[in-house]
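Some structures to go through are shown next.
In the two assemblies presented below, subunit A is common to both, partnered first by subunit B and then by subunit C.
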Partner chain A sequence: MINQMNRLILLFSLLLFFSTVSQAALEIDVSEGNLRPMPIAITTVIDKQNEQLGLGLDITKVIASDLAGSGLFYPINPKAFLEEVNSVDRNPNFNSWRVVNAEALFTAELISDNERFRINYKLWDTFSEKSLEANYLVFSKNKWRNVAHMIADTIYTRLTGEKGYFDTQIAFIAESGPKTNRMKRLAIMDQDGQNPILLTSGKDLVLTPRFSPNGKELVYLSYRNGQPQVYIYDIQSKQTYVVGTFPGMTFAPRFSPDGTKIIMSLQEGVGSNLFEMNLSNFDRKRLTNTSDINTAPSYSPDSRNIVFESDKSGTQQLYVMDAGGDNVRRISFGTGSYSTPVWSPRGDYIAFTKISKGRFMIGVMFADGSGERIITDGFHNEGPTWAPNGRVLMFFRESPGEDGGAMIYSVDITGYNERKIETPGYASDPSWSALMN
Partner chain B sequence: MIALNKDGTISNVEPVTRDTNGQREVAINAAVRAVLSCAPYEFPIEKYELWREIKFTFDPRNMLGG
Partner chain C sequence: MVYKKALNLSVTFLLIFILTGCASTRKNVEQILFGGGNNNEAEIVSNAIPGSSQDFTVNVGDRVFFATNSTSLDDDAKAILERQASWLELYPEISIIVEGHADERGTREYNIALSAKRADIAVSYLESLGIAGDRVETVPYGKERPVAACSSEACWSQNRRAVSVVITEE
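Coming up: the complex of A and B.
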């Protein structure tokens, strides 16, 4: 995506003007550029055996939609293609792809055998005329979306150097009904908003679902028995169970990066403290012991530190401590208050909600508190969650007014490419899973 | 490092840094694509000896404002 040739050529002209002829190679530093989506040709997945099923075309559309949705790729309109791809085995005529400005070319074909499908696919660099990826996946028909997302993840990785995030799910709270009596239900969907599934009936108020690292469970807050408590929901068995018996309200839960523990808040008097619960033996460990409101804990990906919010300085601010509860240090110092910190899966950034002058913002800062950057700002933005590659965030945005409600958005950590995720109704509290396969 | 023909087309591209590891390989591929996509280059033919070989150094640090 580095393309700065206009500037480069100007530089060339100057050099040629001032230089005398020499045998040594010219040396040119290219230190600036512009960001633009990379044009990529995604040819329709060939499906000679079952073309009428349309599976090849469906997979192609999902791959193109994932890549376009990342904001880093520009899938070229297939009507512009000059070459028809009939086989993945033959080398393409690279010039005909360069002419339509494609910098990369994706080709694939489907082969079916009874109920099993095999997709052979290739990714080409059309300028250096080399193959960047040649691979295959075997799958049953009901997994076709996952396969499309997995291939899009591979393309993303081969062309950006970052891990992908398309084969993932989002847990969220599906909201319906009037604002004064809104029904809130636990739900999951694919990262692109497809396949939404409601998991709870709506009888009990539920909040803040968080995925387990293996994507099989959710930990969340439910008012099931009157008193708000932290529960775990097993997605496959549809079973729920309460996380320990505590004397007061438990809330703001999250899994540890290895999935063996839950960290959460317990109400104690007018304040709350942080506890860690071991899921194998239900041992609990107190991590803070003050009369402040200590809440919203999130582990660093190496499990060595915990970021949380506390009002111990008078307003809600972000603090980091060792995983055992020692060495508490404040990291947020801007104007306003900070809440809902989430440590990036890469370990570099912490995302947060910031409230200042009546506005709700989503921002990121480095784990030591430096480099604070606001990504979005408005009437009400809240609750960031990280894509597994730590380069994209989702959050929810509430619209004002009686008919207003929450919607989920995704945004690049640079602040570019904000997109609304299509959900069946209002939706809040997103939690992004790890890669599913 | 690129070598140019007299008509400004590229006769050879040779990455000085070689790496088959993740992000560095992707960056090298992107740099090579950028150089190739700009061909043919238009330079004064009488100074061909000056531009027949060019070494580019790509440093994207300034692209996102540091």
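Coming up: the complex of A and C.
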């Protein structure tokens, strides 16, 4: 069974490889029919003490939803199950799970003591009849969603060999009101769209939030003092502070991978240049010095390089330079313009927005510019952000017209398994956090 | 350039003369200065208080437009800015904010930078016409504040703009 999953991963890799070499037919190389999600039996979390709370069932649903949402797993309808699981301690009747085509089996039970809960869980390979994981988590009730996501991450990791991405959050801009005067508010939600929380009132225009590596802060653009400036929002304390005082507008901020620096653009005269700001001593370092628009910087995960966009060639194109600002080399050479580059947390790919023939696309290329591949193409797709495992992207898609607006989507980097994230209203500028726990 | 300056100066004097006069003569001057022969326009003109933001918007023209991804001022844009400069010379106590804007057909951060450039270029032109830099601020809005909401060139061309806004006393 595990071999089969490895084959699935291999298939993914091969598809990536082939779609990379045959650039001409990018969008159709990966079709759903090529991939068979692994059937998995996720039995309802046993909750003998507090069945009326429904917590066991809630956790079960979140785990199944996470795994199904990844596109790599197919949770089997519980109505098909032949065996009722009453205890995690007893070995299951593997044959009855193989009969319903389950290749993996998840069982769990909840034990509560006042406000503390403990979940014991196991993951089984139904063919080798071996336990792949046997573990427990202790939590308070309000953390049940995190616990479900953490367990789903564990299952994902055990069965794919990849790190998970379910116990994560998305920072985004919640939009409301007419297109000509849209209210924009800083917001966060769980990766699956649950628990949306508005962080700002909407009085000031805010844009482009990005998570700090530890998930505790957001760096973003706000018009609260009239001029657009880069601010940091502390999620726990709800405090906001401006990132340095600069003579002009600052924008396009991002944290360094270690969280100690901010890289951003400063508008000076007719050009915009890149600066790095040290958050401990507020030292600033100039990284570019031209009269072009140099913006949208993003560090490589090892902090050694920076990818950014510049219109110095006449159109927006992607460039990589050393973190100190030297050795600038252009990496995008296809038809059209390229912008919003973001380096994958794995270091392999750079995701971007591409504008060509009036269409807005999301794509990825290797960090040296080779292997460009378009993932989605349409009227307006913009602003990719990476899941912490570098396998999944989110971006926003804007619909045209007077009532048009933005919605956030997730998609596998193969282009497969695109899904809309349900948000209370229009939503844009997603930023994916690292794993929270 | 010298010729243009002289012309501006004469326009300025003419405006001073007229705008300090009564509203009925202003209407005629509108027609002389800006070719506003249209009666409806003249009607609006007569309602605006001289030196007000309405006067500026209606009688001078508060905005200039740009081609896609462009930050260059065409002749129409320059003519509007020249009228703005003349008006600002008439009212030296007035300051303005020049808002830069872009259409929705670009990525967010680039559009912010592009709209900043548009505002700056409009301001540079006003300064070249003698308007002191400390009377003019800029705010770039990128694609965040379109005036026209449709998704076609008819709207995008209206949204690629630099708008001069008269700062009014609170």
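We adopt the following convention: the second predicted complex is superposed on the first by the 403 of 437 C-alpha atoms of A that agree within 3 Å, B and C clash if a C-alpha of one lies under 4 Å from a C-alpha of the other, contacts with A are read in each partner's own complex, and residues count from 1 in each chain.
The working rule: a contact is a pair of C-beta atoms (placed from the backbone, for glycine too) under 8 Å apart; a residue touches a chain by one contact, two chains touch by 3 or more.
As the structure is a prediction and not an experimental result, all values here were calculated from the model.
Of the two partner chains placed by superposition, A:N225 touches none, neither subunit B nor subunit C. Contact with subunit B, but none with subunit C, is seen for A:T160 once the two complexes are overlaid on the shared chain.
Once the two complexes are overlaid on the shared chain, A:L205 sits against subunit C while remaining clear of subunit B. By the touch criterion defined above, A:Q52 lies against neither subunit B nor subunit C after alignment on the C-alpha atoms of chain A.
In the overlay built on the shared chain, the residue A:F127 is in contact with subunit B alone; subunit C does not reach it.
On subunit A, the positions that touch subunit B within their shared complex are 1-5, 8-9, 12, 16, 19, 21-23, 25-35, 98, 103, 125, 127-128, 132, 158-162, 414. The residues of subunit C lying in touch with subunit A in their complex are 69, 71, 104-110, 112-114, 116-117, 120-121, 139-140, 142, 144-151. For subunit A in complex with subunit C, the residues that touch the partner chain are 178-182, 184, 205, 207-208, 221, 223, 226-228, 249, 251-252, 265, 267, 269-270, 272, 293, 295-296, 309, 311, 315-316, 339-340, 353, 355, 358, 379-380, 382-383, 398, 400-402, 404, 429. Within the complex formed with subunit A, the subunit B residues making contact are 1, 13, 22-27, 29-34, 36-38, 41, 43-44, 47, 49-51, 53-64.
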